[in-house]
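Below: a set of structures, written as structure tokens.
Here chain A shows up in two complexes: once beside chain B, once beside chain C.
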Partner chain A sequence: MARGIFNQLFIKEIYNKISYLIRSLAESAIALLLAFLVDTLFLLSLGYDLHIIFRIFGTLFVTGYSDLNYLFIKSSPYIATGLAFSIPMLVGIFNIGGEGQLYIGALTALIISYVTKSSALSILAGSLAGAFLGLLIILGRVYRNINEVVSAIMLNWIMYYLVAYIITSYIYDPYAPYQSRPAPSEATIGSLQMFIYSVSIAILIYIVLYYTAIGYRIRVIGKSYKAALYAGFSPSREIIYSMIIGGGLAGFGGSLIPLGIRPYVIDNTMSVLYGIGFLGIGIGLLGRNNPIGIILASLFISGLVIGGENVERLTGVAPEIVDVIIGVVIISLAMPRVYRLLVRRGVFQ
Partner chain B sequence: MIEDLLVILSMTTTSMTPILLASVGEILTERSGVVNIGIEGIFILSSFIATLATFYIGDPYIGLLLGVLIGFLSGLTHGVLAVYLRADQIIMGVGYNLLAYGLAVVGLVAVWSSHGASPTLPEKTGFISFYVGKQLIIIQPLAIVAVGLAILMWYVLEKTSLGLRIKACGEDPRSAEANGVNVYMIRILATSIGGALAGLGGAYLTVSWIGQFTRSISAGRGFIALANVAFSNWNPLTAILGALIFGFFDVLSLYIPIKLSLLYGVVLSSQNYLFLTIPYVATLIVVAFISKRIRMPRSLGQVYIKE
Partner chain C sequence: MDKKVIIEMRGIEKIYPDGQYALRGVDLDIYEGEIHGLLGENGAGKTTLMRILYGEIKPTKGIIRIRGRVVRFNGPWDAIRHGIGMVYQHFSLVPSLTVLENLYLSLLPMRRKITSRQVRDLAEKFSGILNIKIPYNDYVDDLPVGVQQKIEILKILMRGAKILILDEPTSVLNPLETTELFRMLKRLRDDGYTIIYITHKLREVMELTDRVTVLRRGEVAGRVLTKETSERELALMMVQGEILELTKRSGVNRSYDKNIVLEVKDVWVKDHRGLDVLKGISLDIKRGEILGIAGVQGNGQVELAETLVGVRRVYRGRIIFKGIDVTNKKPIERYRMGLSYIPDSRSVGLVYGMNLLENYILTKINEYTNKLGLINWGKVKLDLIKSIEEYNIITRALDTDVRFLSGGNQQKILLARELSKKPDLLIVSEPTHGLDIASTNFVRRKLLEYKESGRSILLISTDLDEIFELSDRIAVINEGKIVYVGYPNELTSEKLGLLMGGLHG
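Coming up: the complex of A and B.
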């Protein structure tokens, strides 16, 4: 008897998991279709004909995923910034400051790599720098009621110019003064190593979220703030932890870039860093704030970004066409109600 | 010294205008209970469209008008999706900012084959200029319009029954609905008008002020406007003061390096980056000081489900 109930519960659980997975996939698929529709209309209005538009989409998907090595390099920092958005999002904090946390992480890792010539110490220092920035934002929110979106955006810009200042004043390359000296070769890491670091961290976060007490508290606070209070949790502590972790992850992602991507430098316009923090928001949403989902979403988005670079070379259309796609995806995923309405009307099932 | 002050003041009236226009619009939007953080995106997109229109139609005023239209349509979309489809307003705003940036940059490359900036406009909107002593002072007509709109918005919100209805939607939509206010309609209208004002500010950036579209035309000004909304405690009159402060720091970040290089004859290169952080540092400090005392509309950003 008891065994029967257990089996039923177990089957029910599996059923719920599968239906959630199907719904998530359907939502993502519809969001992507919508994004390609908007992209097509936009490109048509700019005067490109359908022939070129199909070639653009073909380039995005075929060339984006053909070079695995490049895909690993690209997706590693995205996994980190995706997590950097999602962990605070789980407790209801909107970390739009991944961009600034990434910049300061990259700069700190680069400087430490000159001194220590050790990749591990550099990555650690970069992560700590990002975590510190995350801590600043969340302390402002918890103790002074500063809106985290505004303070994070201001810090993004401050970090942008601060990093540019430090690079061009103190660690510039004498032969190319607009960029930093490269990281020493002892401290650099390979593409596969980079990817393994990121994936391991994502899996570690997954274990913490789903198999430890602190992860459980974080998930409860996200689902119901009142229930968490009633259960005796102290939400502001978990909220502060989540932003330290989020900032640290973005800093970690930043530190991978000067250590792992040729020519191992940062320049005064942040050309290797710019946008990775912002795209992390899309990746976190597309991955449903789930670390495993985020790994898959990072691979997918990185392919699009690589494809975007090729689109420019082949057709002259700017690589920001990928931003248009991801922007529409984010907007569509902000509206879960649409899908529920569609399900109720019997479009699915 | 006096001349420096005059120049900085006149430049401040120019730089405060887009911030003030967007702040007044966002105050209206947020007072009705909707938060739209897509101002940055509206700035970018409407300044691009305004530049495009000025080049191809040849009239900067049509550029301004189209900028308003783009802002209005963006606000309308945001409002409809937020109200009827109950979208998460913050996430939608982030998506919109990315979308608008992508559209404008792809358009920039497609139209002018340039990754950085459009060519300089042949013609900008007119301005008022006069001499104080020997110093030429330039005032943009839209600066005066923006201040007028702020006063008008204060009057509507605080002194009319329409304003009372709008504020009721942002404080307690259920009671508003019970008293016969159409909450959905008010929220959508407020968001559309708010978007239109941000669109005017965006178009102003290129066709009245800077004279060309660049990919970093907005440079966080949309978010500075959001900070100004909080600074003003959702009061359009205080927003004028806030816009003056934020506009002043914006000017200072450009004026100090120019003045220093004139005075000492040295061209500062890397130090310029430090001066460029001034508006953002100032915004952060101002927000840190006032955030304890502000009171936002009670139902801001929350979904209202009609029964």
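Coming up: the complex of A and C.
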């Protein structure tokens, strides 16, 4: 009897999981088709003919995924900043500070690499620096009710100029003073190594979220604050933890960049860092706040970004137009989720 | 019955987008000037049917005729234009506005240039039939629920409604207010209004209505004249085929061990506005008894439960649980000592958006984690399946979102989770609120069984039948004070009603 019910429920559970997967994939496929349609109309309206439009799509989606090394380098920091957004999001905190946490992580890792010449220690230090920044933001929120979005945006700019200042004033390269000294070769890491680190951390976070008590509490708080209080959890503690983890992840992502991307420096325009933290928000949403989803979303977006670079080079289309094309794709992919949210709020009958 | 048919609903079907059948071809006739009872268990489709009539949702199939003409409603405003009004379980008044402002607000969409003078004049026309002196300048928030309900009805009458739909109106009222409501509804009927009364309470149908339509699982299970039927017959229609197993009244249990499990000594608690909500509560609960706390909703019951659990802070008095002072202990510490709580709102006791497995460990996660903090989901699965069998919980899978379970099954999950911890004291609030007969009986039987095993239960309920059926002792709460403690056989429901209303019977 018990056996029978067990099997029946067990099979149903597997069936549910598979059907969820198929539904998600089908939704994404339809969204992607719609994005193509909108992009085509957009390009047509600008006067491009269909021949060029197909070349743009071809370059964007084919060349983006052919160079694995480049794909790994691009996607690794995205995985980290995607998680940096999603973990706090699970408890209802909007971490827009991933950008600043990424900057400070990159700078700290770079400086520590000069001293220790060890990649592991540098990454650790970078992560801690990011975590510290996250902690700062969330302490203000929990104990002084300071809006985390406002303080995070301000800190993003403070970090931007702080990093630029330190690079050009203290650790500049005497032969190219607009950029920092490169990380020592003993401390640099390869593209595959970078990717393995990021993916392992994402999987670790997945395990923490779904198989440990603290992850469970974090998820409960995000879903129902009242139920969490009833169950005897202390939400502020979990909220603080989530932001320490979030900041730490962004710092981790930042530390990968000067250690893993040639020529292993940060320049005073911050071009290797800029925007990676912000794009993490989109990646977190696209990955549905699920670490495994975030890995996939990072790979997908990185491919588009790389493809976009190639589109510029090979077809001569302006980079702004490529950004619009990619933007439409990302928004379309997020639509099913937005739609479901609206349905839940009762916007449609 | 030589009266005219005013509403005809024919072959109404409703299938929700997720493929769930709410109604499977319902025919309903309402005669002019009658009180028509719409009876059914929870989930039978009563409210869905009426929301279709009120234009709130569209039927998948079927037609509606009002006074012989086919109508098609795009929204409640169309229904209002045809003279239909609906009073919900939860009132649609703005609590922070005065009565006059609320009335004004509800008339504004129909009459743009109305003045507050005109609103008053119009309202006065109905004050006689409602038997109320309208407190125009009082804030709705400060009014008793019974008065709020009258204002809600007044609002609908002022919009010109001739057909009133009431959805379980007595669930928030005490016995005296209920009697008053029934008198008022009868007066309205005698004045030519038509009333559709949604309920799952047999006694109310017998007392109030002229005719009854019984719904069961989205179909009509019977249509009868009230005077030609009986409670027993109606109950059989509602459950049809299912065995009606009424819980036997257990004898007053006076032979319990005299050990006291919980002692509450002169406890005072303030709410978020700084007003006293508990004013010197003193109670004791003995081992192996059910102490029932009766009272009208909103007299401090929720606050009492939350205080005993430790969510609210006590500023005076002491709480002693199993001989240990727990006044300043956190909820989690009290749970560990053997206290358990099932809140009145299932959306607090359960996490909507999480599945059965995840909900099953909400308050007992430490039973399933090892030293590293890893959760043993395999063990959760096995225990959950045992509970599903024992409590006969109907679910499609273990990873179904609890939001999609029926109210009865949600309550059973809560009960299974809390009782499986074998607490020394279970605090349970409104355990059968909104449940159908079968689930209600099941829950009550489980609570009695649990008591028989020698543990104690603090039962907080506004359902007097429930209090009488389960309690070994009864305490009455009114405005944050315990006004009476005694044995069930010393009380009548009339006396209890007076005590709950703040009068000393």
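Convention: the second predicted complex is superposed on the first by the 292 of 349 C-alpha atoms of A that agree within 3 Å, B and C clash if a C-alpha of one lies under 4 Å from a C-alpha of the other, contacts with A are read in each partner's own complex, and residues count from 1 in each chain.
One rule holds in what follows: a contact is a pair of C-beta atoms (placed from the backbone, for glycine too) under 8 Å apart; a residue touches a chain by one contact, two chains touch by 3 or more.
Owing to the predicted nature of the structure, the values given are computational and were not obtained by experimental measurement.
Trainee: For A:Met335, using the defined touch cut-off, is the partner it touches chain B, chain C, both, or neither? Pick first, second, both or neither.
Mentor: Touch status of A:Met335: first partner only.
Trainee: In the superposed model, which partner reaches more residues of chain A, chain B or chain C?
Mentor: Between chain B and chain C, the winner on chain A residue contacts is B.
Trainee: For A:Pro174, select first, second, both or neither according to whether it touches chain B, chain C, the two together, or no partner.
Mentor: neither
Trainee: Should A:Ile214 be classified as contacting the first partner (chain B), the second (chain C), both, or neither?
Mentor: After superposing on A, A:Ile214 lies in contact with chain C but is clear of chain B.
Trainee: First (chain B), second (chain C), both or neither: which does A:Val324 touch?
Mentor: Touch status of A:Val324: first partner only.
Trainee: Touching A:Leu155, do we find chain B (first), chain C (second), both, or neither?
Mentor: first
Trainee: Within the complex, which stretch of chain B touches chain A?
Mentor: Going by the criterion above, the answer is residues 37, 81, 85-92, 94-103, 105-111, 113, 115, 219-220, 223, 226-227, 230, 269-271, 273-274, 276-277, 280-281, 283-284, 287-288, 291-292, 294.
Trainee: Under the definition above, what is the set of chain A residues touching chain C in their complex?
Mentor: Within the complex, chain A touches chain C at residues 1-2, 5-6, 9-10, 12-13, 15-17, 211-214, 216-217, 219-220, 223-224, 226-227, 229-234, 349.
Trainee: Within their complex, state which residues of chain A touch chain B.
Mentor: Residues 38, 42, 46-48, 94, 96, 140, 144-147, 149-151, 153-158, 161-162, 164-165, 168-169, 268, 278, 281-282, 285, 316-318, 320-335, 337-338.
Trainee: Help me check something: in the complex, which residues belonging to chain C touch chain A?
Mentor: 57-58, 309-311, 330-332, 335, 341, 343, 347-354, 358, 361-363, 365-366, 369, 372-375, 377, 385-386, 388-389, 395-400
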